Amino acid sequence: MRPLTDSPIARDGKVLILAYDHGLEHGPVDFESVPETMNPETVFDIATHEAVTGFAVPKGVAEAHYPSYEDDVNLVAKVNGTSNLWMGEHDSAVNWSVDYAAEMGADAIGFTLYGGSNHEVEMAEEFRDAQEAARRHDLPVVMWSYPRGQGVKNDTKDGVIAYASRLALELGADVAKVKYPGSREAMEWVVDAAAPVKVIMSGGSKTDDLSFLESVEAVMAADGAGLAVGRNVWQRENPEPMLDALQRVIHEGQSAEEALAATA
Amino acid sequence: MRPLTDSPIARDGKVLILAYDHGLEHGPVDFESVPETMNPETVFDIATHEAVTGFAVPKGVAEAHYPSYEDDVNLVAKVNGTSNLWMGEHDSAVNWSVDYAAEMGADAIGFTLYGGSNHEVEMAEEFRDAQEAARRHDLPVVMWSYPRGQGVKNDTKDGVIAYASRLALELGADVAKVKYPGSREAMEWVVDAAAPVKVIMSGGSKTDDLSFLESVEAVMAADGAGLAVGRNVWQRENPEPMLDALQRVIHEGQSAEEALAATA
Amino acid sequence: MRPLTDSPIARDGKVLILAYDHGLEHGPVDFESVPETMNPETVFDIATHEAVTGFAVPKGVAEAHYPSYEDDVNLVAKVNGTSNLWMGEHDSAVNWSVDYAAEMGADAIGFTLYGGSNHEVEMAEEFRDAQEAARRHDLPVVMWSYPRGQGVKNDTKDGVIAYASRLALELGADVAKVKYPGSREAMEWVVDAAAPVKVIMSGGSKTDDLSFLESVEAVMAADGAGLAVGRNVWQRENPEPMLDALQRVIHEGQSAEEALAATA
Amino acid sequence: MRPLTDSPIARDGKVLILAYDHGLEHGPVDFESVPETMNPETVFDIATHEAVTGFAVPKGVAEAHYPSYEDDVNLVAKVNGTSNLWMGEHDSAVNWSVDYAAEMGADAIGFTLYGGSNHEVEMAEEFRDAQEAARRHDLPVVMWSYPRGQGVKNDTKDGVIAYASRLALELGADVAKVKYPGSREAMEWVVDAAAPVKVIMSGGSKTDDLSFLESVEAVMAADGAGLAVGRNVWQRENPEPMLDALQRVIHEGQSAEEALAATA
Amino acid sequence: MRPLTDSPIARDGKVLILAYDHGLEHGPVDFESVPETMNPETVFDIATHEAVTGFAVPKGVAEAHYPSYEDDVNLVAKVNGTSNLWMGEHDSAVNWSVDYAAEMGADAIGFTLYGGSNHEVEMAEEFRDAQEAARRHDLPVVMWSYPRGQGVKNDTKDGVIAYASRLALELGADVAKVKYPGSREAMEWVVDAAAPVKVIMSGGSKTDDLSFLESVEAVMAADGAGLAVGRNVWQRENPEPMLDALQRVIHEGQSAEEALAATA
């Protein structure tokens, strides 16, 4: 385990990862509502907000733009990922070697594991290689831990999400990115399951800012470390107020209501 | 990302790749209408035309003839490809190591990715190895980005072609070679999807020179970088007028009509 | 073969491995009855009991906590394992390279082999690599030898368990961890089948302490080397009396009845 | 491409390979009509005939006897091959590393590719490794180019054979060994398809010496480079007259009739 | 090919391999009739008989006991093998690297090939690696050549057994271990098929000592090199008379009747 206290992707133990791998995972359709987000520079700019502790992108996006932002953004190298044209059982291609990510100046590694997929064993072994390479470069590892595939009937069940955060601990990640299980009580179990591994919530409702921030507040109250968020930030015409609010809830311990009032 | 400004395969940001891998992909039947094109030297000679910024061939063709043309032709090493005798799900064998291509003096690497194929994950990982090897040799990478296979119902849809050009960005290519989506407006979306990655149109109608050149003109108007073309050039008794016209449309910014008039 | 007399995981030829890989193999549900066992430190503390000669955990758990316990606990690096979300034929991902385990200070390697699984051949070859790497680091190897899968109708039959312990010998393990075959006589055959390889019983009844300890007594009487135990120890509110009793039966040669009386 | 002018397997651009891999591909049944051919030395002796420019054998046969013949025979290391006990889709095991073949003194490499087989992609990638290793050792490569398997309905069609010789060019062989397409005209297309790669005919009718030699004559007239022959030579009680005739047709430019008359 | 005259596993060209891999291939059930054979030392002691030129065991058995017997026994490292719990198409896991076998002092390598199995191609490529590694260590290679699986209807047919011994030659073994084809005449063909590779008979009838020895006598008369035997020796209460008789038939050229009379 790498003490996250030494890593810029955590600040006083709090983590806010802005994720921008949707062009790979979903295609350009995800950029339609705010067309300028098609251009990675738009989202790199958003990632310079003080609330953000890490920016997760695939290799090509990092190669094209990270050199211009390396002083202002902490890079989370999202080393695997696959287009949704893929019709096979859930899997994720390893598109970026950890050695090359380290050479490019990455601050952390991001890796997706689909527990329960018929590719789980293969993905776990790819994770081993990536994780041990990250250790050699002294880089922390964030696991996108998403049970999915033949072995998973319901990936929003408490037990499945707690198993997901536990897998991050057992296999050697430093941060577990998991779905929000729906309540503070359930989140406490999910956080406990990961023991010293930090747990961050992935995504969340886009329909209502207050309920989104309340779920983040619940994560923090459950001793979670923060949030990984994508479209819910950069699919806004003006993402700054939401990032200001997340700064207050995640880094300053305010309630969702307080934060929303302060940034309204 | 490798600045294409340093690479001979782009000239003032414009790209015209002449492709000649049809003997591998389709067999000698493609040479029947102009039998002398069976001999690679015929097409190497065509590739010396000033309009052409890169000539894409498989390993054996390069080994046999590139040494005689290395002063006059920029070599795009097409490192994967498969015969159409192959009846399996879309796939492409990696026939040429990047190290050997670099040793032979290649100016760029060409690599086919079939997004949506049941071999997509495997091909993406082969692309990773080729792309990172190309980086070590400081070579730009052109992705033949062709969604195809089980996951792709219609590979001429705007969204599929824009996804194809986006994959080139996300996975670390420098140039995306994609199908023409049928209109300048659609092409603009496809070009935007690739952000700083250059997008070139592949192939196009052979039935009518004007409409072919008009589609190239539309690509340039949409901020595309140019064209990759094969049979539409070398399956002509005299390819020079068409190359002259492409020089005008791609490199000199003329309209299709002007270019065709000037070379008639 | 590595003389276990030189290894801390055996004491005077007796072995008691405390296993804690349930978070990986079964998920957090295994910790529900004694919630504090979710935290690996609780179980590391238990593993400091003098009766325990080795503590078997997956990589992530070792990375997080072993550095704090390295003076008090002998680490058995459990290098493969898979979640029970996996629905495929029995298999186990290799999550931990032996080189990295050795670098972390492991005292032994643990490896699961599912003889009879359709992955048996692949697992045996992974075992070869792990075992030969362990030899280079002078580490003993414990095989979790569990026939399972298409080729195994009944994994509690004497002949299957004796075959399991024999496989540990034939493939180069130093300790075979197998199911208890139900009687001292059957256990004698299982122990004989492993020849000089030490045989330890895995798990056993949780319903009744006396019958559990009697099966351990039968293992020792059959010239077995000891026990590997997990939930039957750490799923107790107070595991110390049971460990005291195991100390008496395994290391001091007392009967189950004597041991239970002394610790009651 | 390696200039065959520097290689002993071509003499003034003409090639006659004697092949003796039938023990591997067909089993001892092929030796029944002339039992002494079971002994490789019998066929090594035949290979010392001046007409023969290369002798193609698998690794074990070369290890056993080539050291005694290295001054009199040019060794073509046939690096892949499979018994006909194999019932799977057409495939060929790589039984001999090119490095070891080079160390043994091989003068060229022979490699079978089954275009159209469901193993075509895998075989092409194995060919890549063998071909690039051969380049490092400065050894020419002969491709046994035999379309076969799911994708090939009729492997004697002109178009299929011309595709086969083209694949040898595209993938980087120096000599293409293909089936005879039945006429000089068809052979001209097959030879043209390979451009500078030399094309040799494989096998041919055993029933009638004149028609066999006439097909060889047609190959030479079509600018083919020669012949690869096996049983049609060594399954004769006295192969010398046929080799004398082949010397005349291949190396001295005589007609089949002249050659047959001179050696009768 | 490695001259067996330099190897201790042949004595004046005669070979008698005692095989003891039954614990791996069949399980402990094979030791039931003579329970002390469960202990490898019992069989190592038998292997010290002067008639035995090599003792074939898997890695774990060699690691455990060979150091105590290295002055008295020649080790044949049986590098692949699989339990009969395996229900898949015939295959054999490579359990022992040749480098490690050489480091342990092995005098030869043993390797099983199942020609005709759907794993034949994969096994042949594993054989290549093992054989070429053995060459680097100057170790002879014994092939257990057993056609078996989908492609083999009858593995006792002359033609199949002759093909098996031929495969040993073609792929680079020094000794072929094959089934006895039932008569001296058939064995002559099998021996001829292997040309200079030595052929030894595997196993044979256990019901009648005279007919067993007569089959060995027939093998020697057919210019075979000897025998590989397992249970027919060590499943006897007293194996010494049979080994004395084999010494007479194999090494001293006596008839089966003479040998049996002398040792009765």
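Labels for the chains are A, B, C, D and E, by order of writing; each one numbers its residues from 1.
In this section, a contact is a pair of C-beta atoms (placed from the backbone, for glycine too) under 8 Å apart; a residue touches a chain by one contact, two chains touch by 3 or more.
Since this is a predicted model, take the numbers as computed values, not measurements.
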{"item": "Partner chains shared by chain C and chain D (touch criterion as defined above)", "value": "E"}
{"item": "Cα-superposition angle relating the copies chain D and chain A, to nearest 5°", "value": "145"}
{"item": "Shared interface numbering between chain E and chain D [over half = same, under half = different]", "value": "different"}
{"item": "Chain centre separation in whole Å, for chain E relative to chain B (CA means)", "value": "58"}
{"item": "Centroid distance [mean C-alpha coordinates] between chain D and chain B, Å", "value": "36"}
{"item": "In chain E, residues with contacts to at least two other chains", "value": "none"}
{"item": "Contact graph of the chains (line, ring, star, complete, other)", "value": "ring"}
{"item": "Ring topology as an ordered chain list, initiated at chain A and continued via chain B", "value": "A, B, D, E, C"}
{"item": "In the complex, chain E residues that touch chain C", "value": "21, 23-24, 27-29, 31, 35, 38-41, 58-61, 63-65, 81-83, 85-88, 91-97, 100"}
{"item": "Touch list for chain D against partner chain B, complex", "value": "1, 115-116, 118, 120-122, 124-125, 127-128, 132, 135, 147, 150-152, 159-160, 162-163, 166-173, 189, 192-193, 195-197"}
